[in-house]
Structures are given as C-alpha cells and as structure tokens.
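To keep things simple, chains are lettered A, B and C as they appear, and every chain counts its residues starting from 1.
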Amino acid sequence: MTANVLIEELGPRGQRRVRIGTIVALLAGALALIWMYVQLSNNGQLEGARWTDLFDSGTLRFLGEGLLATIQAAIVAGIIAIVVGFALALMNLSNSRIASALAVGWVELFRALPLLLMIFGVFFIDTSLARGRGGDAVLGVFWSVVVALVLYNSAVLSEIFRAGVRSLDRGQTEAAQSVGMTYWQTMFIVVLPQAVRRMVPAIVAQMATLTKDVSLGFVIGYEEFVRRGAGTPNFGDTEVTNFQAYVSVGLVYFILVWAMAKLADWMESRQRRTPQVAAATEEIESELALGDSLAAGP
Amino acid sequence: MVEALASMRGVNKWYGGTMHALKDINLDIAEGEVVVVIGPSGSGKSTLIRTINRLEPIQEGEIRIDGKLLPEEGKELARLRAEVGMVFQSFNLFAHKTILENVTLGPMKVLKKSKAEAKASAEKLLERVGVAHQAAKYPAELSGGQQQRVAIARSLAMEPKVMLFDEPTSALDPEMINEVLQVMLDLAAAGTTMVVVTHEMGFARSAADRVVFMDEGAIVEENDPESFYKNAKTERARDFLSKLITH
Amino acid sequence: MSWSEFLDKYQGPLIDAAWTTLRLAFVSFGIALVVGIIVVSFRVSPIPPLVRVATWFVAFFRNTPLLVVFFLALFGLGDLGLVYDFFPTAAVALGLYTGAYMAEVLRSGINAVPQGQAEAGRSIGLGFIQLMRLIVIPQAVRTVIGPIGNLFVANFKNTAVASTISVLELTGQSQRMFNDAAAGVWRVLIVITAIYLLFLFPAGYVFRWLDARFSIKR
C-alpha cells in the first residue's frame, strides 16, 4: 500500500491495528447487509416475481425505449451544446466588446440557475406562446429538454473551452503572429486544434453529467429512462414495484454514466503522460476549480 | 571511548523488497562530532540520514540515539524525533504559519512550553540565524536562503541532541549558499552534534571531524577531511572526488 | 393580473418557498460536509475495506442521476423500514449526493499537501493527531475553499430537484405559478430567477473572498 501524506509506513503495532480494523469493518459491513436483507425480505421486496417480471419482453421494451430516449436527447443536446459553447467561447475571446459581454452574460446567467427551473421555463414559455396563438406548441417536450440542456451545458462548456485556449503557451500565438497570421488565422490554424485536443477529456466528462441531467426531463413528461422506470409498476400486468424499478433504472444509468466518466479519466491520464499537455490539463482544472478529477461535475 | 550519541549497527534497508538501499551500515557519532556524508547521487546518503529519525524505516539492524533503541511508531517515536533535529533540502517550512509560528510550534505543542517562553527563545534563535526582522512574514515571502535559516532555527528550538542536515544547500541559488553554511559553521563551532549530507567541500574541510564516503548503499571509506580530500584510499572515492572538482 | 395582484397572491408562498430552499440548501450542505469528512477519512485510511466502501460510495453518487437518488431515498429507505417526511428525506438524499463530491474535493486538498510538510511536522516530534490538526487539515482546507464554494452553489441549485418529491421550494413553487396562466410565464420566470440570483451571487462573492483571504501562497 502506497503511503499518502497522512500515513507512515506502519510499525508492528500499526499493522496489528489495521488487521483488527479490517476485521471490525468487514463484520460491520456483513451486519449491515444482513439487516438490509432482512428488512427488504420482510417487506417482500426480494420476492422472485417482482424481479423476474422486469425481464418480461414487454417491460424490457418499455424500459428500453426510455433508455433510447435518454440517449437520443443526450446526443442531440450534447452536439448542439458543444457548438454553441464553442461559439460562446470565441465571442468571449474576441475583441468585440458587445460579443464578449453577451457571452459573459449568457454564461453567468445560465450557470447560476437550476437546470430544473430552466426546463420548466422553456417548456412553459413554449406552451404559453402556443396558447396565445391558439396553436400547437413549437418545441414540445423533447426540444424543451434539449433547449434547456443546451442553455446550461453551453455555458459550462464555453468555460472549459476558454480555459483550454488560455492554457496554451503564449509563445504559440506569438510564433504564429510573427509569421504573419491574422488573429483568426492564428486561432483556427494554430490555437484551437491544439486546445481542442487537450479539452477532449473535460468535454467527455461534461457529456457524462449531461447524460445524468437528461433524467430531469421527467418533470415535463419527457418519456426518458427514469420516467419509464416510474411507469413500470403500472405497466401491464407486472409484479414490479417502485423499489425494483428504481434499483434497476439506477443500475443501468450508473453503468452508462460511469463508463463515460471512466473514458474521460482514461483519456486524461493518457494525456498526462505528455508533460506539456499535463500542465495544460492542470491549468484547465484549476481554472474550473473542480479539484482532483475532471469527471462528472454535480 | 565515550558511548556514541547516535549509533547504527548492521543497518540494512530495501525498497520494495528488491532495491538494496543501505548495505550493512555501521556508524557511530560521538557527542559534539560533526560528520559529513558524501557520495554520488543514489548512493544512499539521504536514505541513511533519514533512517536516523525513522523518516525511512529499516528492515534489519539497530539504530540507537543516546543509548536508546529507535522506537518503531507511536508516541515513543514522536518523543524521540523531538530530540533529533532535521533540516531538509527543500526547507519544508509550514506554509500556512508565519516564520515565528514555524519556530514556536514545536516548543509549544511538543515540549509544552508557554507561549511567552517559546516566543522569547524563538526570537533569540531567529536573531542568531539573522532573520529576526522577518518574523511576521509567511515562508513564501522569504528567499530560499532565509527559509533554510528559519528551518534551522525551527529545529534548534527543540533543543535537539543531534542535528541532521539533508543536502541543506542543494536547492539554493549560489549567492545564498554561504549564508546558510555560515550558520552551520557557527553551530559546529558551538559544539553541536551534526550529521550533514553535502557536497560543500569547504564546509567539510573547515568544520567536519570526519568524512564518510558512501557508494551504492554502503560506507566505502571514512577519514578526517584533510586526509580524505588529499589522498582518498579507495579508487571509487578518488574517482568521485575528481568529478566533483572538475565540475 | 397586475404586479400588485401578483404580489398579493404569491408573496406569501414565495417567501415560504424561498425559506424552504434556503433551509434545504444549508441543512443538506451541512450533511454533505459531515458525510464528506467521514467518507474521505475512510478513503485515506490504511484499512482496505473502508477504502473500498468509500470508493464505491463516491462512484455511486457521482454517476447516478440526482433524481434517481431522490426516488431511491424515498422508496428504498421506506422499504428498509426508515420512513421520514419529504423534507428530511430530501435533505439526506441531497446531503449524501453532495457529500460524495465533497469527499473528492477534500481528498484533492489532502493530496495537495506536500509530503515534505508532513515530514517536517514529524521530525519536530508531532504525533499523528497533532500532525493532522496542526499541519495537514489546515493546509488542505485552505486549498479547497474555491472548490467547496462551487459545491455550495451546485448544491444550492440541486435543491430544485427536491420539488420532484413534494418539497415545495422555489422551483416547485414556480411550477405552480407557471400553471396559473394569469400569473404570466415571463413574470414568474423573472421573479424566480431574481430570487435565485439574489442568493447565489453573494454566495459566489463570499467564497471568492474567503479563497483570496485564506489560500496559501507557495
């Protein structure tokens, strides 16, 4: 076991204490598991049918459609958010005062509001406009979720892009300008390609967060994965209750987001092997003040 | 012969079970003696000095301070460490404490001295190492040489039986090396027991009672500084010294 | 509906909702601090099962949607025989969720304390507890003020999700008002946004000030 700053290499007494602590912790863990087992089975939550009914083909399809809807919204919102975030970052870094003020306002406002409120806001503005016209809503639930996700994530991503560009060595820009490139040539030919490469792990991590947040579409009736989970106990002739539904939805969701976060961590650790890039990654992190890892912000 | 203040007997240390870092070390340091340890990088000289207060544990052999066996852990170890001063290559002043607090922390928290008492003696020590006017500042506001002198004062405040110096001038800019060496020379002159890992030949020649030459984890040669630097007995020492001088 | 009619009707509910948001934000953040400290001490302990539990805990809460955490707290805890009111359930669920992030932030703070600081402490004779109390924790805390501020803001925003389990805080109140066509969608949005910003901009300012005041120069 590698020592951290807290723990010295243990002497014999320390090692004995660790052994005792290990045994106590394992016993406590076993007791907790037994207690959970007893409580759950007393409440009938461990009965076979409640779980096996999850695998009825109808239930599986019902849940699967929800999962696909989640992934669909995540992909669409993710792509648009990256494009918009990128544009915001360029506006922010540009020499135009109006453009950069607009970008700053956007970022500050949409980062400061709860995403759930933004989803409600977009959705109810859409429906109230439709009511005023006496026609159908323009956006509907899918696009309301996507628009709200784009508002929030473009703001976060633009900060990531900006930090990435600023982390680049000044010398790069100066070198490019000294060979006669204009500001925008420098930006697009020299700075951005390098910056983007460095920012990929942070972007992937943000996509993991975005995927988690698609679940909030639940509140306006978007039929994503969690909403389908909530609907499962009432879906057809099934023994499944809320407990089984949320445990399984949670598990699948966890695997999906965890895989994305792991991918981001892996990409980041691969980049860290190049010292120059590692320094830049650290700078991005400290700019964002996310601490140890770029993966999955709250 | 007087009993040694610090003694190492048959000390062996391995890193990760394979890398033999210290090989059968026997070393006695008498009270008031100044011992300089030199050797190429990776020769184990830093590891050796760090075993004396068990910043590095050993697997074989025994280390005694003032006749007492070095404890392996716990309060006993902490108490013993308080009697052994240590000065690091990178100073390691407590970054969140002022200079004065750096020096009073140990006396107050470990020796349980009153604040007034600790402060009075800290001020005297800071005076002695020439940074008294910086007492209210934070470490980052001082130069490397000043920080290292504060680190020496911090160790001295514990009134240690022996002072260990682990390459105290290697991280310093050339113009600051002398101010730190001067403090160390004064300590030596005052009869402090010191073990110093350093390449500073000038310090070794004017202050050391003995030079210990290490290579590949073993003590290869020990002698008084004049004899050692003029005519080292072993080929390896001569080879090392020739490289040191031509640089 | 005029502004004065709007205020007549909604002033009371808005103040109640803002108070609920505030209470939930602070209670859950307090829980998150306690949870974060416990989890991080497991995480850096030399006892392997505790390290494993802490790692799983953090991975679970970081990679599961908050909404699912809330529903699991509501139904899962109920099935374990632990039935609480909506507000405490929300506070605990949110506290555990933010606590996982808190543990990671605290861990990064501990890892940022250089080994040399601990060695210097040991060599003047500080024992383990003294070393923690006098050197490691004060330094770790100072490096994570900024990230903890970010967590506070994120946690504050996440109180909105409690509306899904019947806690009538600001976002839940906004939903009710959105459904009242006479209240006006834009007006509701502006009022609720203003209340959130009123809380969150000063919070950001306070944490930036704390960070500037207490962070360590190296």
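A few notes on this one:
Here, contacts are C-beta pairs under 8 Å (C-beta built on N, C-alpha and C of every residue); 3 or more make two chains touch, one makes a residue touch a chain.
Computed from a predicted structure; not experimentally measured.
By the count of C-beta pairs in contact, the leading chain pair is A-C.
Taking the CA centroid of chain A as reference, the farthest chain centroid is that of B. The distance from the centre of chain A to the centre of chain B, with each centre set as the mean of the Cα atoms, comes to 51 Å. Spacing of chain A relative to chain C, judged by their CA centroids, is 17 angstrom. Put simply, the C-alpha centre of chain B and that of chain C have 46 angstrom between them.
In chain C, the residues that touch at least two other chains are 114, 117, 122.
Taken residue by residue, chain A touches two or more other chains at 8, 10, 14, whereas all remaining positions touch fewer. Counting partner chains per residue, chain B has residues 74 touching two or more of them.
Of all the residues in chain A, the ones that touch chain C in their complex are 1, 4-8, 10, 14, 18, 21-22, 25-26, 29, 36, 39-40, 42-43, 45, 109, 112-117, 120-121, 124-125, 128, 131, 208, 212-213, 215-216, 218-219, 226, 230, 241-243, 246-247, 249-250, 253-254, 257-258, 261, 289-293, 295-298. Chain C contributes residues 44-50, 53, 59-60, 62-68, 71-72, 75-76, 79-81, 97-98, 101, 104-105, 107-111, 113-115, 117-118, 122, 128, 131-132, 136, 144, 146-147, 150-151, 153-155, 157-161, 163-164, 170-171, 174-175, 178, 181, 185-186, 188-189, 192-193, 196-197, 200-201 to its touches with chain A in the complex. Contact residues of chain B toward chain A in the complex are 57, 72-74, 77. Of all residues in chain A, only 8-14 touch chain B in the complex they form.
By the touch rule above, chain C contacts chain B in their complex via residues 114, 116-117, 119-127, 130, 134-135, 138-139, 142, 216-218.
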